[in-house]
Amino acid sequence: MSDPSSINGGCAVAMVGKDCIAIACDLRLGNQSLSLANNFEKVFPFGDKTFLGLTGLASDVLTLKEDFRLKHNLYKLREEREIEPETLANLVSSSLYERRFGPYFVGPIVAGLHSKTNKPFICGFDLIGCIDFAKDFIVSGTASDQLYGMCESLYEPDLEPEDLFETISQALLNAVDRDALSGWGAVVYIVTKDKVVKRVLRTRQD
Amino acid sequence: MDIILGVRLQDCTLVATSKAATRGISVLKANDDKTRILNTHNLLAYTGEAGDTVQFAEYIQANIQLYLMRENDTELSPKATALFVRNQLATSLRSRKPYQVNVLIGGYDTKTDVPALSWIDYLGTHVELPYAAHGYAAFYCSSLFDRHYRKDMDLEAGLDLLRMCVKELEMRMPIDFKGVYVKVVGKDGVRAIEL
Amino acid sequence: MAGLSFDNYQRNQYICAKGHAQPKATSTGTTIVGCKFNGGVVIAADTRATAGNIVADKNCEKLHRLAPRIWCAGAGTAADTEMVTQLIALNLELHGMWNDRQPRVITALTMLKQHLFKYQGHLGAYLICAGVDPTGAHLMSVQAHGSTDIGEYQSLGSGSLAAMAVLETKWKPNMTRDEAVLLCAEAIESGIWNDLGSGSNVDVCVMEVGKDAELLRNYLTPNVRAPKERSYKFPRGTTAILRESIREIVDVEETVIEFNKPEAMEVDA
């Protein structure tokens, strides 16, 4: 209960659908049992169709968000193009492994569509950057155990964007309701080849 | 057990800090001001490890002042100030002996005419809030803020809310904190106010 | 810049001293084996990755390529096996180009053990390294502290005991390729069933002298998920939404249209 990655609470999840992906997170930021904010987003865009979710110690979430924003901007300047999700995944992995013996206490997830082929891609990491490539879904954060259970039972392959939204939302909502440190609002991003839809969900407030 | 509270009102931000300086079971001082003015429109309130607090606050103050001189009197916005402070604390956390300081930053953005309040702890956790408190005071005041706070409150309504908090704290806190200093950060800068 | 950064180390010691425990990294509570046969060598691994007692990945890849014909099975801390393997693969490639020779297994092994020894066991990588090179087929293993073993058959990881039991009873000298593949697969399967840290599928890699290495990804899949009895799709509109914002992604195309294009100039007389 009192390790650095569960001081602030929060979780994130990503799923693959038919020619689309979805990535979602809760909005709580707390200090142990005291909830501080209900607007703390944990999913950040990197280009049009690539997203990075960061859960864990809020301080490190903020630090890494800025670190990757810097690295993403430098990448764009050097390459004169957007970063691909696979490339971002390797960037995250090597950035985390660089701190092998003094890690950031985070559980990142990456989700996106390839800029040209629109091939869906998702993956997750442990705190020292070991990549978990998954074909179906990735979970992270203090409600990860619950999310594993929800996703394992609700997920099915090749869902249309609108169905994927319902599946990921219900998986997240029902998982965070069984985690004291997560919840207090949720956001979902549905990414298709020509549209990114961001939805703020109505959730329990306890 | 120090108390620091902050409330963002319609056209200013209120910051209240307890007057008592305590060490163990002794109250050493009854007129301790736990705030530092960073620049005209930014006020830093702090609590934490004795020694670290003032040291850190004055270090921040000096750097914000230095920025003012270097950049031809360009004032750092409340957001920029908060990010600078957060960065200092997050960097400090990776050093041999980190600063154990929690702060609130009350500010007023003169460009957009919007008041701001930032909550930052020693880990470098930063969040912008309508109302905030550090330490045990947060447990007692959060519910009062939740119940009575309105985002269009004026100064008098804000002071009423603070009075309610102080009354509750005087009733619940185990030691006398000798009342609070209240500062208002608004369009015309920082000024002290009697509660 | 080069190498690993230790500057968060003190911070984390500080955080941990305040009563917080270090979080767990993904480890491959694993079964990996290797076995030589007449004219080659084969290695195999299970495909379960765990974080504590949660299965983090049900079909991960534990067979890493060091060189086209030298492969490596990894157990221990997942990030370490992956990163150490990538680093050595890179250096092996450069080494091969510099010397204009095919890299040897013993070279890979030496580079691995020197790297791991330098880190005094803090890099939790336990590897079975095998391959074919101009000197023949080889099978070796490296421990996290840098010690190495050479043998006709090897097993490593939390399921190594279960796997070794199979290897010890069924191994015989001068096996054929197919016998060796079967033996390794069976040894891994023993780990999958009897070791809680191992599970899911069997990956195999065969390296024969004079041939390209052959990776048999998911050679055995004894744990296929049964199809779901019913669909758990929710009717659209189940989830209540507070706000929605849509960002259309448009392609900007550029076409150059020239007006009043002058006639091509006459160059030669």
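Letters are used for the chains, namely A, B and C, taken in the order the chains are written, and counting of residues starts over at 1 for each.
One rule holds for everything that comes next: a contact is a pair of C-beta atoms (placed from the backbone, for glycine too) under 8 Å apart; a residue touches a chain by one contact, two chains touch by 3 or more.
According to UniProt, the chain labels map to these proteins: A, B = Proteasome subunit beta; C = proteasome endopeptidase complex.
Note that this is a predicted model, so its numbers are computed, not measured.
Remark: among chain pairs A-B and A-C, A-C carries the greater number of C-beta contacts. Distance from each chain's C-alpha mean to the overall C-alpha mean is smallest for A. Chain B and chain C have centres, each the mean of its CA atoms, that are 51 Å apart. Per-chain CA centroids place chain A at a distance of 32 Å from chain B.
Rounded to whole angstrom units, the spacing between the C-alpha centres of chain A and chain C is 24. For chain B, the set of residues touching two or more other chains reads 93-94.
Shared interface positions of chain A, i.e. residues touching 2 or more other chains, are given as 7, 102.
Within chain C, the positions touching two or more other chains are listed as 7-8, 10-11, 15.
Of all residues in chain B, only 93-96, 98 touch chain C in the complex they form. Contacts from chain C toward chain B in the complex involve residues 7-8, 10-11, 14-15.
Within the complex formed with chain C, the chain A residues making contact are 2-5, 7, 48-49, 96-105, 124, 126-134, 144-145, 148, 153-154, 156, 159, 162-163, 165-167, 169-170, 173, 193-202. Per the touch definition, chain A reaches chain B in the complex via residues 7-8, 29, 31, 34, 36-37, 40, 57-59, 62-63, 102.
Of all residues in chain B, those touching chain A in their complex are 86, 90, 93-94, 119, 121, 123-127, 129, 132, 138-139, 142.
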